[in-house]
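What follows is a set of notes on a single structure, which appears directly below.
By written order: A, B, C, D, E and F. Residues from 1 in each chain.
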Amino acid sequence: MMQQLTVASLARDIKFEGFLLVRSAEQRTSSNGGKYLDLTLCDTTGDINCKMWDGTVQPPKQGSIIKVRGTVQEYNGRLQMRIERMRNPGPGDNVDASQLMPCAPEPPQDMLSEINRTIDSMKTPELQGILREMLSMCGDKLMYYPAAQRVHHAERSGLLHHTLGVLRAAEAVLPLYPFLNGDLLRAGAIAHDLSKTVEFLSDEAGNVSDYSAEGQLLGHLVHGVAQVKEAARRANVEGEYVLLLCHMVISHHGQPDHGSPRPPMFPEAEMLHLLDDMDAKMNEMEGVMRRTPVGAFSEKIWSLDRRLYHPRLDAYDGITSAEADADARDAYMGLL
Amino acid sequence: MMQQLTVASLARDIKFEGFLLVRSAEQRTSSNGGKYLDLTLCDTTGDINCKMWDGTVQPPKQGSIIKVRGTVQEYNGRLQMRIERMRNPGPGDNVDASQLMPCAPEPPQDMLSEINRTIDSMKTPELQGILREMLSMCGDKLMYYPAAQRVHHAERSGLLHHTLGVLRAAEAVLPLYPFLNGDLLRAGAIAHDLSKTVEFLSDEAGNVSDYSAEGQLLGHLVHGVAQVKEAARRANVEGEYVLLLCHMVISHHGQPDHGSPRPPMFPEAEMLHLLDDMDAKMNEMEGVMRRTPVGAFSEKIWSLDRRLYHPRLDAYDGITSAEADADARDAYMGLL
Amino acid sequence: MMQQLTVASLARDIKFEGFLLVRSAEQRTSSNGGKYLDLTLCDTTGDINCKMWDGTVQPPKQGSIIKVRGTVQEYNGRLQMRIERMRNPGPGDNVDASQLMPCAPEPPQDMLSEINRTIDSMKTPELQGILREMLSMCGDKLMYYPAAQRVHHAERSGLLHHTLGVLRAAEAVLPLYPFLNGDLLRAGAIAHDLSKTVEFLSDEAGNVSDYSAEGQLLGHLVHGVAQVKEAARRANVEGEYVLLLCHMVISHHGQPDHGSPRPPMFPEAEMLHLLDDMDAKMNEMEGVMRRTPVGAFSEKIWSLDRRLYHPRLDAYDGITSAEADADARDAYMGLL
Amino acid sequence: MMQQLTVASLARDIKFEGFLLVRSAEQRTSSNGGKYLDLTLCDTTGDINCKMWDGTVQPPKQGSIIKVRGTVQEYNGRLQMRIERMRNPGPGDNVDASQLMPCAPEPPQDMLSEINRTIDSMKTPELQGILREMLSMCGDKLMYYPAAQRVHHAERSGLLHHTLGVLRAAEAVLPLYPFLNGDLLRAGAIAHDLSKTVEFLSDEAGNVSDYSAEGQLLGHLVHGVAQVKEAARRANVEGEYVLLLCHMVISHHGQPDHGSPRPPMFPEAEMLHLLDDMDAKMNEMEGVMRRTPVGAFSEKIWSLDRRLYHPRLDAYDGITSAEADADARDAYMGLL
Amino acid sequence: MMQQLTVASLARDIKFEGFLLVRSAEQRTSSNGGKYLDLTLCDTTGDINCKMWDGTVQPPKQGSIIKVRGTVQEYNGRLQMRIERMRNPGPGDNVDASQLMPCAPEPPQDMLSEINRTIDSMKTPELQGILREMLSMCGDKLMYYPAAQRVHHAERSGLLHHTLGVLRAAEAVLPLYPFLNGDLLRAGAIAHDLSKTVEFLSDEAGNVSDYSAEGQLLGHLVHGVAQVKEAARRANVEGEYVLLLCHMVISHHGQPDHGSPRPPMFPEAEMLHLLDDMDAKMNEMEGVMRRTPVGAFSEKIWSLDRRLYHPRLDAYDGITSAEADADARDAYMGLL
Amino acid sequence: MMQQLTVASLARDIKFEGFLLVRSAEQRTSSNGGKYLDLTLCDTTGDINCKMWDGTVQPPKQGSIIKVRGTVQEYNGRLQMRIERMRNPGPGDNVDASQLMPCAPEPPQDMLSEINRTIDSMKTPELQGILREMLSMCGDKLMYYPAAQRVHHAERSGLLHHTLGVLRAAEAVLPLYPFLNGDLLRAGAIAHDLSKTVEFLSDEAGNVSDYSAEGQLLGHLVHGVAQVKEAARRANVEGEYVLLLCHMVISHHGQPDHGSPRPPMFPEAEMLHLLDDMDAKMNEMEGVMRRTPVGAFSEKIWSLDRRLYHPRLDAYDGITSAEADADARDAYMGLL
């Protein structure tokens, strides 16, 4: 993506040309009866109201990316962009979506490929059959769904990011606890949150608008059990693996107060619960560290029920404390 | 059933002829290599060990009723019956199973007919289709399954007894709260506990030997959701009714600590939860009253987390207190 | 009551004549020393500030209904009514209070009569004596007290409405559980909440201004026990019935966290607790359904600690979904 | 009381003469038709079965003290006393009940006198009137009732002991918090547990056989409120003091889980709760210390949900550790 | 301190001379490049922004008291004082700090002396050594630190006030429970909260700006254990007293949810917990009573999780209710 | 270690020679005044009472291993070994302690070396200094202490086993979450449980006899903070690392109910808590799986508050179910 101005840097009379994310868009009718487009467009630095005075243009889809050219004006003391041209991105545009919205750090297609390679290398055909059906039932949503509306992995493709995070953690600890059945743990890691594609509604930018009726009345754990059973039926799989995978899905929140009517009742189910918790907490805490200055405490984080401290770690490697602070912060931000 | 001696009244040298329930039965080999049957037979007053020294007779099925003729002997200080003849009951025997084991107060076929008539009179074909499939999936187990291993409706056909109890209570309160959708509440009443036929294993006398793996790893609420979905698929029903019924099943225990990951989220689901609780508590408390003397407190009932008091209700209707006590107890026992 | 304009429809220069409820009223002194009345009057659609420039008129009582004639004006951008005449309603006015404030759906005198007939038909003179004294101790408050400040039956005569609701539910379920003592359950239903007439302060429109010191320091359960004992003393009743009724009052909230230091310890006390909960929840949920569109979720209801769903119940009886929605909503609203 | 042998020191053929406590006593009929007395008698060191072969003697009252003369025999390997003479103690006997049963450390009459002097010195006639009525309603039970069946002050006159303990603690802290109303706190201290005389049944030795129906169905807090109201009625006291004292009684356990439906809502009520807790805990812990060796941990104390440690406090006052241990233990035991 | 105007009574053109507390102070640079002081000064009635147009004066320390002379002006509709002269108080000024900020009712030096006298009179050199080191480690902070940021003893020298309150309560109850080790209880009373001087940051006026990293990451209980161990090391004390005192510090909040990982496990530790709770609650409730009118309920007090009632206590000593109200309130306010 | 008979296989008249673990040992005096040794010796299959009739032999140390030669006899119906010779093992004996008691699967010296190598490779001298002091403070106890009396890693050298398990898990997940400070997490893993060497008392066989006073009154979390501070003082380390490590120790149980007065407040502390939980749970569950047959449920495991299921995992790799069962069990047992 070519260099473009950030939304936060716009000012009156600036001419803008570049790609923006559609937060909302609708056709309206002005007092003189003419039709026009009213849009809110954004990148990761902010958003701006825009008008396009052309009654023939249809509103772009919420959550999509468009290329616009326009001029920034001021109206009633607030900035507004008058759009002159607007088009969908083409293949040669090389749009960098991560400048426009929070995105998982890896492309969704790469993440899905890694998951599929893991399934291919399994030695348990029953689990392979169920997992392939489940992924197929999710369809395109997998590409952009976040893992949550807020809290952790609330980003485009966050569901794949979290799924892969749990799967990689499983691979990391399996050599330490060899009595665990590896394929069963891998299958639980891949399957545990897939019903989130039914639990809430997300646009293609990974923005959750609401929970579905199914999500509110059943939740992704209970729905997940029905999904595993349906996938097994389609894959002609019967026997204990179906039951074990259902149990891993229903128990992965660990206890009744967190949504699991059963605690994990075999070691692979317990390990799945622990790794799911670990990956979610690490992702959330990393975000809190990013926005908390070194040496300071965060505000109270409600989902964690505590404040967090960003350690100063001064005098690291013999550098003076003041230098270390600056370096540490820079290094930290560059890491990610 | 003709009059017969109770097990509690047996003594040495008595000759017994009558119907008894098979608690356990197996063929054994004696020290001299001969085969014989070792049985434990019972009625509601007690049980007795029995031997049949005939190597050609196959052991009867646990939970079945047999007619036996034999003589009571004493062996190592304990009574034992030597069985001379044994046969299955025939059509003309008119066996009164309720003398042999705790039974629901109405015949299972009558209870099931009442449930089926209710389904027939519904005006919602979607619910009718799902319910008929669910009942069909339960098969013969419906005839004898109890509603629990202990606590409430732990009796032959107790599952039907409890299901019908909730259904009748629903019919009783519907006129008081006319904004409720009657068919939805009726459907919830019929469907809510049917997965208990999968949750545990019962013999035909309503005696629960154990929980199944499915029962332990998922429970009848979670399994019930999958069952409703499967029944809907078979009945070609789609749409909101499937979701509503799934929610009623998963929420009917009311709160996470009691097994429901969702609270009841519409009035019919809340009413189902309340009536299920009412019918179970009344059945359990009635049992406690029966075994607690008038004017006394029961031992602590763990499932209720309290002791119960059997009120004296003296001076009722002008009778003196002493007479009332005796009368009340008698009347009470006769009522049921 | 003759047809009159609703408060919500008032606009400048409109002349209004009709009945309104007095939300507040006081005599004030203007800067020139003259006295005048400042009132807030309302119906169920809204309220309006009013002035009556006549220093000789005494302020009407809060919670009463008055007939006014006046002209709507605008003052500092808000509507205000200048009242020309004001009087108390007379016998021929046929005021329909339900247009002016939330009211129980049946007249209080009818509800009280049904309760009294129930008492008259009891066969237990002890309970009859206590109940008649208790009702007499409540006096006129019974006619207009609500059952709560918010949450459920927060309406004129809501206390009678809820009391009768529990009593009718008791009559409905008694035939299903014949081991229950009917008179004891009926007495509990009638007595359980009567101390609410001491717990809080309500005007005659069923509007609760505050809790009393007795209500805050003891609560209606504890006060209710003292009230039962006092009523028994006046009615010359002694013996177990007094204790049983006291226990039903103190235990009817079911558990310590809900205000009951004892759980219900005999079946009639448990049933009272269950029916009290049922009648309160159904009344509250009915209100939530009324203000939640079909197919949508309510906001979170704090007293229930959950959101509620208003089922769509589409394709009901073969009508198309869109028609059914409209019909269902209409039917629903007309039901009540 | 003259010196006598302890029950623990009895052996075959010893002749015993002295005072013992009647744990149980009944007249039985021997196989030859003769009547005799079967008794269990005890002191604080143990109990012994006794027979008196005299059909004309009526069994003494459980919980009473008798003087017996008899001979110890052995029957079926266990000691048994054959009683030759038995009589009630007379005025000149100077029985020391504390050798026969756990007793409060001060005579009940002295304790009651101190309480009465406190009432006499109050300046609030309303509280004086209520308290005098309440004490009078307790009657003789006050002399011997314990404060609990187990846990704390489970001793003859333990109720007075605890009541006075709380009262003295109130006097001790009142100078430190002068904004407290002294008479109100004193009244709460005296009144808070008096309904224990109704809650359970105790013999004259302070031995609790059971809870009463009133105790189980209401508890001493709820019953206490009714008792305060009844006492106020008899003493012709009305107004806020009645309500305040009722609140202190109902709130003195501090929170719902401990039996108080209301928390203490003014400072004197809170102080009463704290001092009640303090006096009970100190009495209980003193007992645990007495039976736990210095330097050791007790078994788990269920009422406190913890184990306790008996500190060694070595090198106290410059004595060597070994001496200190012995001295401390002796001193400690002698203190009490 | 000579009589001076309160901040609340200041108005335009008034000339003020007197002592005020420095809430904040910094040197700023005006648009024309000149330096000046910007201050917020206060007494207990309010605060006022002040300017001193003298670039040579250094800003006084936050939390200190200064004497100022100036003139009140109005700027942008708000009062502002132009300061002409400013100096630190001298020895002859007799400043009454309690007019400028909430202060403990006794001078800190007197309170500390009483604590030191108590230590001197102990008979346990081990405890004396530890306590003296701990007090010395606190240094000057003891003179002004409050006991909390809010809730109880949030006042200058509040930490000493609370420490002494617990110590005096210990002296008051020790005669009632003679089995307690007096020196151990006294030592716990003195030591239990001293680590609050590390837990948060206070200026010399007893105003807490924030919690320290040590306070947030460890808390004053855990830090207190390390402090006792360090003090024992410095004082060359070993043995059980160190452990006992550590336990009293870590357990003085009574239970895990309140910050104590261990419950009090010997009687002196339990008594310390009870007296700490008592002194904190009485101080907090006294504050609530002061700001709640007689006969009224307070708003909900979050730290106590309840509303409080200010008893009317009418008809006290034969005075009429109306007079008593006024008198009681006056007397009450004068008491403190 | 040469082949020897197991204790479980001993029978009368068998001559035994081999190594056994000393469970208890004391010198006693027989009725004829002679001295002898009474011992209980064991291996992992059981224990046996032994006598050595030689008054000159001193009792061996509890928890030590000895070589014995003797003859099995029967006394009062129970087996007893008469020991003829007894000696301590020598260097050439190659005793396999794991046949005599539960042992960690790796030699303690190897485990400690791996920990020390990790410390050597750290880049943070502050943490290296503290850790080396802490390990040194533990001394030889590290070689044999278990991690707990029961539940998890209750085996010889179990503390090292668990410490290394957490450390290896940390190394495994660090690459997945690169924003974590590796040395801080490693330091927490090594330090978190070292105070268990003070919390309880273990013999050299890893058998816990009791908790210490320090362990009961403070616990290993609180004691661990003091230990870190003391180690830092000895190593001359100051600054934030001391505080961070103290926090990791005090917070590693995650929440107040599990003993941590603070939750983990930075990501490395949270990760330590998660990995500690993971390693403990996996170790415990592995043990439960070992003693639960394939396809069955365990008894209720109290520390986990649930039953566990040992999955059947049938038809694995195309083998028939029956074969797979046997193979899986064998393979599983061989794995460990």
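Keep this in mind: a contact is a pair of C-beta atoms (placed from the backbone, for glycine too) under 8 Å apart; a residue touches a chain by one contact, two chains touch by 3 or more.
Keep in mind it's a predicted model, so treat the numbers as computed, not measured.
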| item | value |
| --- | --- |
| Co-neighbours of chain F and chain C - touch as defined | A, B, D, E |
| Between chain B and chain A, distance of the C-alpha-averaged centres to the nearest whole Å | 50 |
| Approximate Å spacing (C-alpha centroids) for the pair chain D, chain E | 43 |
| Per-residue overlap in chain D, given as positions that touch at least 2 other chains | 213, 216-217, 240, 244, 265, 307, 309 |
| All pairs of touching chains, each written as two labels joined by a dash | A-B, A-C, A-E, A-F, B-C, B-D, B-F, C-D, C-E, D-E, D-F, E-F |
| Chain A contact footprint on chain F (complex, rising order) | 123-124, 126, 165, 168-169, 172-173, 175-181, 184, 239-241, 244, 263, 265-268, 270-271, 274, 277-278, 281-282, 285-286, 289, 304-317, 332, 335-336 |
| Contact footprint of chain F on chain B as seen in their complex | 213, 216-217 |
| In the complex with chain D, residue positions of chain B that touch it | 297, 307, 309 |
| Of all residues in chain C, those that touch chain D in their complex | 213-214, 216-219, 221-222, 225-226, 229-230, 240, 243-244, 246-247, 250, 256-257, 259-262, 265 |
